[in-house]
C-alpha cells in the first residue's frame, strides 16, 4: 500500500505518523520524506506491507495531521493515460512497448494525433487512434480533443512530441494532469525550435525536460531533465536525431515517477521522492 | 547534532526513535534510513537541531534499540586525518587546499611520503611532511609509519595515490579507518597498472574507486566510484592524465561522505545515506 | 559514398589518399582517421559526395596504399541483421521499432528465440519468429540456428539478451559478425548473473557493454559501454530493472556505429571513428 | 609543432595541406578538422613531428590557402595568464596548483582581487597578488586593472569567480582573450544569482559554463560546459557548494583546451578540435 502526504510542517510529524502506523500494525517497507524549511511544508511517501484498510487509515491520518493536509492512501493503482502526438514516433513507440509488456505502470486508453502518421503503429498494438486535424479553429480542435478524452477517462494526458500549444481554456481543466516533453534543458530554449536555438548559441550540451503543463508556455513544474554532450560537429538535424534518444528516456523516467506517486507539486516546483 | 544508528531491524523502529526524539524536544532537521531486508539490518542518520545532551540521548537510544545496536550521537566533529602519498600530487593537493580553506571536514595532521617529491607543497601549507623510504624491509617500513601516525593520532588514514601495498599486519589494526583511491572502476582492473590493463582491454570508459582498505587487495567496501568516457585515441599516458581528474573528484567525494558520518559498513559493502 | 581503410601506417598516407580523391574530383564531406603508433596501423573513414565510381576507386586506393590494406568503398548500404533472443523484450522491441520506422540502418530478417515469449511482438511487426528450443543437444541446437540464418543471409547476428553461450564451433564461422549485449561494465562481472555479482560487491555504478563475440566468453572487442549510478538501496531486482534501460541504449548505440561502418577491429580492440 | 588553420572552405584543402607537409618532410602526428558547410568555413589543427622551420611553413601555408586564411604555426608555447578573483577560492586554487606543478599549460603572472581574501594563498605559491578595490568609480577601477596587467603582459585574462562586470571599454581591448566561468548552464540563468534562479525554477540539474567574454553579458562563445544532477533536497546554499566542484572542473577543462590551441571562434560559437 502506498501512502502520500503533503502538509504544513510541524515538530513531531514523523513520530506521529510512524507511531500511528505502528499502532495499526503496518510495517513500513520504505519511507522518504522532505521538508521545505522556507515554506514550512512537509512531504512524505511511504510503502507499507498491508494491502487493505485504506479508507480508515486515510481518515486516521487526516485527523492526526495539520489542517489542510493532503493524504492519499493507495492512490489509483492502475492509472489511465491518453497520449497526444504529432508525427514523431520515438516517445509514443516507447510508451506503447512498455504498455504492451505491462511495465508502464498505466494503461494507454487511446492515442490522438493531429496527423495520421502514427496511426499504423497504434493499430499494431490494438490501441485506438484518433486523427484530429488542427486547423485554424483552435476552440473547435480542443473541443474535439475533449470529446475523445472524456469518452475514455484518464489520470494523465501525455504530450509525446505533440507540437501544438494547448489554450489556457483547455489546460486549466486538467491541473497537474498534463505532462509534456520539451526538447531542451529548460529554462534554456523554451518555445519553438529549441535545437535550432541550441545550434545557434553553440552550446556544448543539449537536453530534454519533462514537465507539467501550465498556462505559461514551457514554464510548468519540472519533473525530470537530462542532457547529452554536444559539439560543433553537430548540425541542427544531428541534434534533432541525438535528442530523440534523450527525449524518450526523460519522458519515460518522468512517467515512471508520476505513475509511481513519487511527484509532489508546490510553488511551481516538484518534490520527487525516489 | 548528528545521530547514526546501525542495528538489527524490527517493526516500529522509526516510530520508536522519532517518538523518543519528540518527547525529548529534538526537532528532526533531516533523516535518512535504509533497511536491508535480506540481512534484517537497519541504518539511520539523523540531524537534529539541539547541540547538547549527547550523552543522555545516546544512552536512551541504546536502551530503546535492539541488543547490539551501534549508536553514535555527535560522532567526532573535527576529525583528524593523515595522508600517505608517493609522487603524484593531484589528490594530496586537493586535500591540502580544502584543509587550508576549512572545507575538508577534517584537519590534516601530517603527510607521509615514501618519496620526497611532495615535501615542498606540504611545507607551503605548513603541514608536517615525513619521508619514509620503503626499502625491502616492509616490517621496518610499517613500524616507522606507525611511530609517526601514533604521534599524531587520527580518525582516518588516507592513501592518496600511495603506491605501496600495506601488509595485513598493518591493516588489521585500523579496520575501516584506511581509505584508498584506486584508479579503475573496481572490480575491473584490480592490482597494478589499471590504466595499462584498460588500454589493452580496449574499454570505452575509465574510472576510479574510493574504498576502505582490507586485507584483500582492492577488495574492500566501495565508498564512491565514477567513470569518464574513453576511446581508441587515448594512449596509456593519456588515460593516466585523464584519470587524475576523476581520482581527485572521487576521493574528495568519498572523504566528504565518510567525514560527514554518512557511510555505514556491513558484509564488505557500504550504505551511504546522503 | 563511404570509404573505410585499414592498413599499415606510413608517412604521407593522408596526403596520398586526399590527393587521389581530389584528382578524381571527389569532395570530402567528412574524414576521421586514427593511427596506432605502437602497432603502426592506420584507420580512416571518409564520406565523399559522389555516389558512383566505387569499383574503380577501390582499385585505385588499393594500388596506392601499403600492401595488405583493407579498403571498402560503399560497404553494404542496406545491411541485414538477424536477432537472437530469450525472454527479455527490451532490446528486441527497440530494434523492431527502429526497423519499422526505418531508422535502424539495417533490415531485420527474422528473430530466433529459445523460448516462444517474444513471438507475438514479432508477429505484430510482420517479422518472422522461429522458436528453437535449446535442450541438452547443443550441436543440434546450433545446427538448427544455422539452417535458419543461412536461409535469410545476414551481415550481423545480434544477441539481444540471448541467454545461451554459443560454442566455438558456431562462433568461428562468423568472425566479428556476432554482436552481444552484456549486462555489466566489462571486464567487471563477466559470465552469469552480473547484477547479482554487482549487488554482492556493492558497486556504486552498474553498466552494460556491447561487444563482438569471440570464443573467449565476454572477452571480445568492446564496441560501446555505459554506466548508471547505483547505491545500497537497489536490490538485485532493482538493478535488473534499471539495467534494462542502459542495455537497450548501449546496444542501440553499438548497432548504429557498426551499421554505419564506423567500427574497426584489431588486437581484440575497436577503433570507433565517429 | 602545432599548426592551426582557419579559412574559407574549398575542395581539396586537406589534400593541399597534407601534400605540402609531405613534400616538406613533416610527419603528421595528429590531425583534426571541421568544415561548417553552411558558412563554408574550414578549421584544422595539426601536430607534426618537427620542431623547427615554423616561419617558412607559415608562409608556405598562407600562399597555399584561400585569401584571408589565419594560419598559426607554433602558437605561443608557454602562454601567460593573469587571474582575476573576488572571494571564492576554488577555481583560483586549482589554477595555482596546476601552475605550481607545471601542468597548467601556462604561467600565472599575477592575481588581482577586488578583495584581499585570496592574498595569502597566492603568497604561499609566490604569485604576486594585487588588491584593487572596486568602488563606484568603474573607469578608475578598470584603469588600475589595466596598469597592472600591462606591466606583466598576458595571453589570457581568466575571470575565476570574479564577481564584477567589466565595461565594454575594457572588454573590447582584449577580444577572445578574456575567459569567464559562469555558474549555470548558459543560456539558462544568465546574470546574477544563477543558483537562486535555479532553485526557484526547480531544475533537476545545475551546471557551469566557461566562455569568452564579450560585451553582451554571459553571451560570449561557449568553450565548455557541464552539469550535475540536482533535486528538491538542495537549498540555494547546497547548490552553491555543489556547484563549486563543477565550476572548477569546467574552467580547468576550458583553459586546457584554449591553452592547447584547440579552440576556434566564429559567429559567436566555438569549434573545439580535441
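By letter and in written order, the chains are A, B, C and D; residue numbering begins at 1 in each of them.
Keep in mind that, in the parts below, a residue touches a chain if its C-beta (ideal position, glycine included) is under 8 Å from a C-beta of that chain, and two chains touch if they have at least 3 such contacts.
Because the structure is predicted, anything quoted here is derived from the model rather than measured.
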Taking contact as defined at the start, I'd like the list of chains shared as neighbours by chain C and chain D. A, B
Name whichever of A-D and B-D has more C-beta pairs touching across its two chains. A-D
Report the inter-centroid distance (CA atoms only) between chain A and chain D in whole Å. 40
Inter-centroid spacing, chain D versus chain B (mean Cα positions, whole Å): 35
For chain C, what residues touch not just one other chain but two or more? none
Arrangement of touching chains [line / ring / star / complete / other]: complete
How about chain B: which of its residues touch chain C in the complex? 34, 36-37, 185-189, 200-205, 207, 221-227, 231-233, 235, 267-272
Which chain D residues qualify as touching chain B in the complex? 89, 93-94, 97, 100-101, 121, 124-125, 245, 249, 252
Of all residues in chain A, which touch chain B in the complex? 11-12, 14-16, 18-19, 21-22, 27-28, 30-31, 33, 35
